[in-house]
Structures are given as C-alpha cells and as structure tokens.
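First the structure, in the form of structure tokens, and then the observations on it.
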C-alpha cells in the first residue's frame, strides 16, 4: 500500500483518507468548492474539490473517512491534491484506522508489556496499587493504548503517550544508579502517571481537540485528581509520603512556576527535578527526530518545538 | 491592659507575651544570653536576656507563653526589651491567646453569620451542598474560625482568612449587578473556597509555618482536592459544569500562568477573571491599610506587599 | 430595519453602510475590483465589487457612507458581500450615523446625568472645580458624548468611553464602603479623568486612528496635562495634595512600571492601586461580554483581550 | 586642607564635616552612643561617638555641619572614626559648603557658559524661547547650578546635573554630523530639559531625598509639565511639532516601555532613540569612571550601576 | 538608467534584474506560472510569469540575472510586474552587479581609505598588527569590500558592513575626548573587528543566507576566533591584556547576557559598555533613516528594527 | 583524624586548617582581633582570634595552612572557634592538602581511567585526536585532576570537575541507545570538553577565584578556543563538521540564549539539546544531594542552586 507522502507531482491517487478539516468557498465563476485537509499515517495534504454539489458537501465529515480519486499538483511550492471523485467510506470498505493516522513505530503490546513489568517491579506497595488500579480502569486502559502525547509537539500519533511513558521509564531506569538521592519508585510512578490527565484533557486519539475540563483544569491537576480518586477508593491515606511525592512530581513536571510554563508548584525534591528534565529530553528528542526525518535530505529544518531551525549534523 | 507597642523607651513592662523565636549566644564575658522575639496582639519586639541559666534557656519554648519583667531600651533606633525576670506561664495564669496575637478587628461570630447567610442564599443546590459539607467538617470549621489568610502579606492575624472571605463576598455582592456575564453562585463559592487549602498549607493559627503537604501541593490544588473529595462523598458528578467552574476559579485565582505567580491554569471565564482582581484588591487594600496604620504619622511608609513605599495621601 | 449581521447566506442586502477600508486590485481578466470593509452598528463584513469604474473607485471614500445592493455569499467559511450596485450616500438620504456604527447600549443622556450627579456630590471643591471645568469645555463635552474607550479592545463603540466612566463610578461607589483607606473623591475623579486623554489620542469617534500627539505623548500624560491646564486656568496650585493624587492615579492606572504596560509611575496609594484593578475589571468584563455575545451558541470563543479562548460557563 | 578620604589608620582628624545620618544606640554598659555617617567632598566615613550626652545627641543634626576631633581606626576592614570631641559648627566658623560635599570637577560658570552658548545657537525660535524662559526662572536657575543628577547612580555630586547636561550637549554636537535624520535643535533641547524635573523630584543638593511630588509624578512627567507651563505662559501652541517632539524625547528617554525602566512612551523618532543611548552612555561612563577611580589600584571593582564587577582594563 | 522603484503603474519595464526568489504554481486553467521576486539596487518587486514553459522555468535561477519585458500593475495595493518576455542574462550583456543590488551611498574606496588611516594611527602595536593581518587576508579583504552588515535590519546593502565600521570609527573618534576612562585603541579595534565574523556567518553579499558555521557558532565567537587565529600566527600571546580586552568587547557587544540578545558575556569595561551603545546608535540610525526615506511623504512609517511606527518629525 | 565538622560545642580543637578568609577589627578595648574563616575537607567554620599581635596578623595568610589550638563555642546559633594559639604550618608539618579541602568521594585515578576508556572508544578519529591532545597537555592534565566544577554551586570540591565529566559520560552512555538521532561521539566529546575552559576561568583548586580572562571571556568561549587551538596544532580543518558540532554544543550548553543564562548560541541539534539537559541533571542532582546530606536529619533544607527549600522525601 502506498501512502500519501509517497506520491509525486502528477501521479494519480486512488484510496482512503481521513478528513482532518473542511472549508467551503465560492469560486469566481460562482460555483462552490471545498478545501480539505486529508491525511493518512504518512501525514497530511491539502486537497481541492471544485464544483462540489450540496450532497457531497454535506456527506464529507471532519474526522470521517473518504475514498478519493485525485491528482497530485504543485501549488506555491507544496504538493496538493485536485480531487476528481470522492465518496464517504462505508463499513463494507473495511478500512483500518491504523492505516489512516500516524502511529508509533513501536507495537502497542510490546509497550504495554514493558509498562506492566515496571509496575510489577515496584517495591512500594502503595504506588503499585495506585497504578494497577489506574491501568485496570477500562477507560484509562483503552485510552492509554490509543492516545497521542499531544496535539502537535511530540509523540503526536496513535499510542504516542504510551510510547513516551515507556521511553521515560527506560531512561529513568538507566539513570537511577547514578543518582541515589532520587526515589526510584516515585520516579517510575511519575513516568507512568505524569500525563495520565491527557487522556481526559484531549477528546479522542484520531483528531484530538482540547475538552472543556481539559481547558479548565489542565492535565497536571487532572492527573493528581485521578491519583487522589484511586487513593480514596483503595483507602490509601492522602497524606502518605509517597502519594504526596508522586502528586508533587506530577504538579511540578513543567518546570519552575516562575517560568510560566504551567507547573502548579516548583519541583522541590531531587526526584521531581530529575523528572522534569527527563520529560524535556524525551519530548524534545522525539520532536527533533520527527522534524529531521520529515526534512528528508535538507541540512536544516524548522523545528516548531524549539521555534528555530535545527541542524541534521552532517 | 497595656500592649507591647504602647510602651515607651525607659518604661518597665510586666506581663505575658508569646515567644516567637529564640536564639542563644555567648557574650564577650563568656556568659550565655538569649535573643528572643516576643509578641502580643499589638505586634512583636526583640528582647535580650543576659546571663541566662541552662534551666531557663530550656524552659522557654517557641510558641510558648512567658511572663516577663523588663525595661524598654533603644537599640539602633528600634525599641528592644532588656529582661530582668522571666518564667513560663502556667495554666493558673489564665492568659487568653487572643490577647497575645494580632486578631481581626471584626468579631468571628459576626463574620461567620454573614458567611452562613451567603451560603443559604445560593441558588445552586450543588454548590450550596459542597460548601455546607465543607463548613460542617469539624476540622475545617475549627480552623476557619482561627487561621490567618497568610504568614506575612495580608490578613495575617487570628481569623484573618474568614475576614478576607467575608470581605470578598461583600465586594462580589456589590459588583455583581454591573457584570451580568459573571456567574453569581460560582463567584460566591469561589470567594468562600479559593483559599480553603490554606487551612492545611499552614501549620497553625498562632505562629504559622508551611506544612510539608502545603509546600509540595500548594493551597490552590489542595482546595480543589477538598472540593473533589466532597463531591465524591456527596455523589456529585466531577464533570458537573458548576463544579468544574468553581475548580477552575480556584486554580486560576493567582492570575495568568505566564506571569509565574502560581496559578495552575489561566482564567478563562468572566467569573474567574473578575475573582482574580477582587482577590488582588482585597488583599492589597488590607496590606496597605495595615502598612499605613503601623506607620503612625509618617507621610510615606514601606509596603512589603508592593515592594515600594506608599503615600498616606492626605 | 435589518442590520448586516442578521443577513444569511444567499440573501439580498439593500441599504446604507459605512466604508471602513478600501483596497483596489486587478483580476486575472485585467479588470479592476475593490475589496471593501463595510459596516453598520451590528459589525463589519468584507465586500467585493468587480469591474469597478474609475469614477466609482474614486467616489467611494473611507469613513464615507454608501448605499449598496448586494448578495451575501460564503467565502472561506465567512460571509462576504458581492456588490451589484453601489453609490455614495447624499445628505438627502438622511442616514443616521447611529445606525451605522456600533453604539453603547446605554443612552448617552442617562450616562451623562449619572456623571453629573457624581460631580455634584464631590466634597472636594478643588476636584469638583477641575472636573466641572473639563466637562464645560465644548470640545471635551462633545467628544466625551461620542468617543469609544478604545480602537479594538473594550467599549470600542459610540460613547463607549462615557459608558466605561459611568460603569467605573458605579463600581467605585459600591466598593468604597469596604475600603476606608481609599480617598473617595480622588477615586471618583480618577474614574472620570483617567482616560480623558483618549479624546485627543484618538482622531474621531467613527473610525478612530491614533493621532500624532496621541502616539508621541500617550493618553496618560495627555490627561495629566489637561488637569494641569485647568489648574493653571483656575489658579489651583499644582502642588495641591488632591491634584497630585489625581495626577498620580492617572499616571499609574496601567499598573506597575516594571510590567511594561505603559504607566509612567507605579501606584503608590491605596486609591491608585484600587483604581488600576477596577479599570482592569471593567474593561475585561466589557470585552469578554462582547466576545461571548458575538460567539452566539459556541461554548468557547477566542477573546483577543486575553489572547486565549474563553468559556461561556455552561 | 586635607580631606577625610586621605587620612590613614591611626591618624588624628580635626576639622569640619557634614552629618549625613545619625543613629543612637545603647552600649553593653548601658551608656548611649551615636553611629554617625560623616562626609566631606572626598566621600563618607562611619564614626562612633561613645558616652554621648543628651545635649550633644540633640545638637547634632542630619544635614548639619559639625567640627570633630577624632582618630581613624579600622573596623571589619573599613576605616572608621572614633570621635573624642564634637560640636555643631557656628556661622563664625565660615565653613564653605563646597568643601563638605562631593562636587563636579568642572567649575559651574564654565558649564553655564557652554549651556548658554548652545541655547544662543538654537535655530528654532520656539525651543530657544522655552529654554531661555526656563533658565530665567529664578528657582530653576538656582537649582540647576547646585543639584546632582541623582541620589546614587551617576553625577551624584554638587552641580552634577549641569555637568551631565553639558557633557550630553558636547556628545550630541559631535555625533550630529553623522546622523542627518536627527533633529539638531530638538536633540539639544532634550539634552538640556530631559532631567529638568529632577530639580523638583529631589529635595535639595546637599543630601537629596525624593520629594512627595517626585515620587508621585516622576521627573519625566514633571519635566514635560514644566515645558507645557512655559508654553502656556509664552503663548506657544501645545500642538507645535517641535514642542511635541521635545516632550516625546523627555517622556521616552528611559528606553522602551516594555523594558519597564520608566518611560511613559517608547521612542518613536530617530532623535528620541539617539538621545536615550547618549544618556545611557554619559551616565554609565560617569558612574564607571567614579567606580574605577574610587577603587585605587584594584584591578576589579564592583559597579553598582551595572550590578557587576568592572575591569580597569590596563 | 531607470530603476524598478521609479516605474509607475501601467508603465512598461525593459531591463535587467536579479532573481531573488522563485516559486512555481498551477493556475485554475492547469497551466503553470511563476511568482518571482525581482530586484535591482532600488529594491524588490513581485512579478508574475503566466504560462511558463519547462525550459524557462529551469533556466531562471535564484541569485541569477534575467532580462525582462514587463508591465507594472497594481495588486492588493502594491505594484507588481506582469512579465511578457524573460531570458537569463549572458556574459555578453555586461550587466554590472552594482546596478542590481542596493549599495552603500559612500564609495568603497573612500571608506577603505578612512579605515586604513585609523589602523595606521593605532598606538598599540599589537592591535595594529592584528588588524593589519586581518585586512591583508585576501578573503577578508575581498568580503569586507562587498558584504552587508546584515540580512534585513541595518546597512543591509553592498559593502554596508564597511560603511557601518567607518561610521562607528567616526562616532568613536568624536566621543573619545569626553570619556578618558575608555581605551582608545581597543575601542577603534572593536569598531573594526566586532562584526568581522559576519563575513563567514553570511553566505555572500548578493542574496545573503546564514551559513552552517554561522548558525552553529555565531558571528561574535567567529570574530573572536579570527582574532585568536591571527594572534597564534603572529606569536602574540593570547593572554595579552589588549587582546583580551578586544575579545571581551566583541563577545559583549550585543549587551547584557541577561537580556538574551546574544552576548556571550556582559560588558565589564567602560570601553565595552560604550561600544555596545555606539553600535546600537549606528545600526538604529541607519535603519530608521532607511525606513523614513522609503516612506516618502508619509508622516508615520513602520520600522521593523523597533517593531513599531516611527515619526518623521514634522 | 577528626574533622572540624565533627567537633561539638565546648570541645577543644588542636590541628591543621586552611585559612579561607581573614578580616581584622578593633575591639571596644582598642585591641586588635582577627575574624578568620578556617576549613578542612569537612567544611568551613568562623574563628575569632582576640588580642592579635602584628606579627601573627601578618604571618597568617589566606590560602595558607595554620595549626590551631581552639575551643568550639556557639554564636548566634552557629558554632565558631575561639583561638587560643595559632601558627603557620611549616613544611616539616607534612600536612596533606587532601585533608584540608573537601574532595570528591571518587578516587581520582578511577575517574581518570573511565575517562581514558571513553576516549579510546571514540570512533571519530578527529574528536579522539583533539581530546587526546588536550589531555596530554601538562597543564590541562594537572588541573583536570584537581579543579572543582565551580566555586559554589555543584561539584565544588577537589577534582570535582573530573567527577562531573565522568558522571556525564556515564549518563550519556546510558541514554544514547534511546535516542539514535543524537551523535554519540560528539556527545561524549562534549561531556569531556564542555567545562574545560573552567580550568582557566578559575584561579586554583584550593580556594578558587575567577581569573581576569575568565571574567572577560567566560568558560564557554575559552573552551571553544582550546578546541580551535588544538585543531590548528593538529592541522584539523576548523570547518570540519564534527569540530563545528562539538564547538556548538560547548557554546550552547547553558540553554537558550533568550533565557539569559550565558549561552553564546541556542542549541540547534538533538545532541546539543540533550547535553544541556544532562548537564542540568548532573549538576542539580549533585547540588541537591549535598544540600540534603549537609542538612542531617532536617526534613526540609535550603538549596541555593534552586533558590528554594527542598524536601528529603520522607
């Protein structure tokens, strides 16, 4: 199967795509057209559909799947599609979602197994119980196997959050022997739970928007509330030192309050300070890796995550 | 009864005080002395106790009450006490704590009544239930009638937090008719609950320190957790719009995240934005009022809350 | 009468509008067209006039009134007009300016009366004299009954500044009993005079631009100069404490100098500090109220004044 | 005559000094002592007066002149005086103020002449008239020949402001040929008038404090008000372009508003932008020159104006 | 010869231009077109070439010279060219580069002579030797006679850097007598060498881009490395005080590190501090001069270098 | 052997210490005394020497070694020494420097071996040659085995820099497998060379001050100059991509320029970005580890590196 990013100018594309955005316009000849953003797991492309009928206009839905017959053209230096034919996909088309959105390169089951192994190895029975309870929650379980770690910046693809968690766990495991002043179990628990609030801050794994609670509360405090909810359910005292420490690490993982990056409190333990930097490393490395991969042979490429151009190296 | 602040240089002081801090030293003649900070409701004063015996040194405890016989002297332009005799107070002395620490000028029962009346007048049954449950909690009830609103900056005296809440409620009530875009009940609920976390962020109402949970979680998130805990107990859904709104107002009441003043999220409703400014007004007016009152006849006085001098204005 | 904002896609519009901006272009067929921004009191809309003759092109003037016959179309998701016929309005058309620009919902005479009543109630004869002199100035009088409080952010409509002043006076009156450390008369005088410089910082009430003196001096200092000019005229000593206090409140009403928001000096009295927050409240509440009203049924809407999205509440 | 800074440890000092500050204390033997800061034109030194009588304590006044008989000692690495005898100076002592406070190295008449010559050479009759009127004012005239340019930072000595003005005029004259986009007369007028408000922001030239109007209005706006007052007196229209330009340069001479350094408006002409940098250069060069001169042979010295150490540079 | 900026709407243009950028597109009739940015020494203009053949599309190269036959039209309020005929220039066309790009108004030889004279007048034999060696380097010599001082902000034209250097030398020479605390020779050497790294930070003088070393190292450190390289070659000790001072001035010339403007170290000598402000003055005056010259008769014009509008003065 | 930190109040101390600072004073009885800061590897303590003779005063030198006979007293809550007898140490005393200053807990030879092994394993022959040449330099070799990584903040003890380097190499080695977008050899080379300039920025390993070149150039650029000097010596082209990359990582290791933390350029490669965070982690973990170790049993301790209190964990 050939993906959108692989087609060259002039080629014909026949296949299924996801509709990411839709905008109607009126051409100078008074006929209507649609500007669509279509995507599959290789990325997104703009598409033009001229002389659109009212029926088709209504039938094409954002976050829906369509089948297209189109040609690749160049417009202002970028590839775009000009669509000849389009129709919504039906269930009989048996399109797999995983072919339509970008997805983590690591299989979800492999990630999940690594996560489970870490949880099994926790020495703190309290932290272990909290995390097991979280992962056993049907909704959390389901979302954690699907959600990205963010809308744009890093690990922004199917089960990207799980990949980010496992990557952090691996980094934490490797650095822990160097820094005995860090609390191993709290660090692991923070890797797993720091972004758990994102499962409710974002709407869905396909074309995620921010939810109303997500915008009003934010994923840091949402994560802390999930932890506290579980503690209440399991009769774990909220004043337990390890629980306090985990909640502190979640609340401070965006760095110092004074920087205005969104922490509710500044990190005040070696564990919280270390985690903030690990999270920065893992998210920035992922974002820069994507930026350079997308840039093909270019020596320099613009990296949104740093708001400047980055260098391939040589 | 005459308070510490009223004694003049050269006068003799005999009476009860609270020990706020204690520091031992060795004089050039090798004898030991104590530097004490003593206080009553009129404020604090430094005191010197020369040639202190080990027994007395041990018997005098920080946050404890002592009876002194001392003389007021001037040292580097400030009054200080030189103590001739000192002993810890015993229960038979029947000293009232309220004579020993600064206290709100408004009687606690009057404040509490006003608070209750506002709660009774809430139209939202959900917000009313949450606040009634909070105020019915024995610990919250007790602390709210005693705690200051802060260690240093504003309403930093016995039941100062309650005075701050009632003052905010009054201000809110008066401005609401001007701004119909504001949610009345959520605004009232925020006035009452925004600093409720301080009852656990601070150690006690006499000589408050920050607690460990207070430093790790902060009173904004602590307040949100109290609200959520009550919702769970009362089976109020956490996704209820009014509950979300109240929690949002608590989390955002320190202003915009980008300013780095400690909000976990920036205010995103008219109610949240209004409350932030009301809280600024009430705390700054209280602090500046104290600064100018303490400055006596001085035209200008240094106001710590603004980090600059303020003008009496006449 | 039906306003621009009320027309739906496909409807025909015949009526008078104000020309807010005009831009000429050349179409691919080499004929000229105009892009116009047309407005009435319900807001603005973009309009296209194809094949425009040189005569019409010249006759249509920015800030002028035109009569149009046009159709509503959708372009890139927004409504726009395609104009079939257009001509400048003549005096015989008897168009009322108030139907053409957004206007305060409160009648100007009602606002003026409230303002006068406050002035009459001032106990300070000096402040009363200054303000009476200002309001008696023909130019100030005329402009204050017409000017908006700003170009874009808040109260940006006909006699919006007067509405803002009266709203501030009401808020001040309601909060004053809570804060006796505030100087009542100076606070009222600041409400009235704080933005008086805007009457000269802006060019006109219809389509206001910044004037050259406005950009070079700014409305804070311009306001202070108006006060000082009146004092000289009335032989009020410039060193009078109330005059100094009023000028201080005007100069500091954008908040602390260190924040870089344009105050010439940081607020150094309770009155100045309170007024800054009242002004923030009144301008932000007005702006957020407009944002949410314009957003119709949308749960979230982008508020330029906060540079983020705001929530309707429920 | 030998100045305070020239005495070495162990030497006896007999002579006149200015009392800059006074603080009373009680020694361990219960006798009173005074800590004085004494100064002459060479600088300041701390002095101790043991066993002070109430009469002497009252007779010694801050900003007064005293005659002392004292010995230089070293205390914590710094020289201090131990006073054996002290009395207030009487008029019969005929002490010249200029021997008692630091003074500009350039004679005041030489500076004044240079200033007058520049004013005479102005081509703009309006700017010339404004400045002549200002310099003809008896109070401004008198103060300008005495006041420092600041309390601490730069040109902080007798007629330091006049020296700063003349130094700026010289620098401006020399750079003008390079930058024809700058308005010569406005630049000269700004050099002369930019800090004219300091003559009222500061209390006196001997031991200057900030005045109440100085703290409430600030010297930028005070300078603009002086200019406007003169214009009114001379019937010069306030809207005159050169007057606007001069006022703009005064209001913007602390740099960009966003930096929070106290400008009321950001510089918006080449002249205003150039003047800001010239003022920075002249004040910083003066301050660094003093820092290095005071540091004697030290390779590095702490410069308060930069908040870091500076290098002599040899 | 008539330059691009001089042509009016409707006129025909026949002549040579430099291709600054090129972008291909597909028109609604499916034919290809080119959007070109064409320039000569009077500035740049957008140009449209419809129905372009593949041969022409390939033959037109960015940074190449073309001969065009075109018409000036107005598009969205700006002039643009519609090209009828176009071909690449051949060597037989004998086009002079200096007619094609903006160029300093001062002849290069005049600038060079002034530079040489300053170098000859240096009293420091070490600084003189370093600069002579630099200017004798064939590559530096060649580039310094061609490179702009920057891509966009100031002196952004042919041999603009040399003009900037000579202008700084003149300003330095004129201010030096006022500030004896400044090291004359180090100041002159800094004027000459402060931006020498730009000769390698930028790719070429015609259409400069940032080079890879330029982006990775920056012109400040590149300049220091050039100085150190010459010292090693000439056996000048790297610890020489004048060399250290020169390098310090280069590294600190973007102002204080804390401001985040790119200095590697904050200025710590009077010379370094003075140079920073001189550089600011010379670059800002040049940029504002250009802004106002380009603005023709407009009273206000947007100045990118200040990110705000500037005023012509009157 | 017993170290200073181990003595209790009242105990007698006889032994050798390092003199860290010295300050003379005059007591109220007119006799001279010395305030000394004395230290050994366990830390520092203030000491008082009353009635000091001029001979002893001169004989005691900062950074010199003395033998003392003293008693531990408590002064303002801190231990201090009162010295009965003191003399400078002579060579016959055979005091080992390592007993007198704090020292890394890891033996220097073990660290050196690990460093050598990493260098031997570099695949890049160019980077390997540069580092081998650096380590073979007698001065660098000697200093690297002795110098701290800083004066105060982290690894501030004997061969602390070497410990920091080896710790970074270990962390880098462990994280590299996770981030293939990072250049292994450049990362290792940066770990080794990033602070190499500190060997010249600081004066000596015993009581390090900042050198004049250190303050003028800073250790980032000094490090880059060392690399470039070696390249010139070894005929490695300065434009080599790996050399550029190493220099970029050194220059950017203090984070983004905009933050004002001292980088000469912002990190623009995955390797540079990763290294910045690794350096933050290693320095902060070391500093927090020391803070908590020094705090003994205290739950909370003030950490200078974070400018706030940190929590032990539980």
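By letter and in written order, the chains are A, B, C, D, E and F; residue numbering begins at 1 in each of them.
Heads up, the rule we're going with is that a residue touches a chain if its C-beta (ideal position, glycine included) is under 8 Å from a C-beta of that chain, and two chains touch if they have at least 3 such contacts.
Worth saying up front: this structure is predicted, and the values here are computed from it rather than measured.
Among the other chains, which touch subunit C and subunit D together?
Both subunit C and subunit D are touched by B, E, going by the contact rule given at the top.
Between B-D and B-C, name the chain pair that shares the greater number of C-beta pairs in contact.
B-C
In whole angstrom, how far does the Cα centroid of subunit A sit from the Cα centroid of subunit E?
From the centre of subunit A to the centre of subunit E is 43 Å.
Could you please state the distance in Å, as a whole number, between where the Cα atoms of subunit D are centred and where those of subunit E are centred?
Inter-chain centre distance comes to 42 Å.
Among the residues of subunit B, which ones contact at least 2 other chains?
Residue numbers touching two or more other chains: 212, 215-216, 245, 248, 268, 309, 311.
Taking the touch definition from the header, please name the shape of the chain graph: line, ring, star, complete or other.
Here the contact pattern is something else, fitting no line, ring, star or complete shape.
By the touch definition up top, name every chain pair that qualifies.
A-B, A-C, A-E, A-F, B-C, B-D, B-F, C-D, C-E, D-E, D-F, E-F
Would you mind writing out the residues of subunit E in touch with subunit F in their complex?
The contact residues of subunit E facing subunit F are 212-213, 215-218, 220-221, 224-225, 228-229, 232, 238-239, 244-245, 247-248, 251, 256-265, 268.
Which subunit E residues qualify as touching subunit A in the complex?
23-26, 28, 35, 212, 215-216
Within the complex, which stretch of subunit E touches subunit D?
167, 170-171, 174-175, 178-183, 186, 241, 245, 248, 266-271, 273-274, 277-278, 280-282, 284-285, 288-289, 292, 306, 308-314
Where on subunit D does subunit F make contact in their complex?
27, 73-77, 299-300, 309, 311
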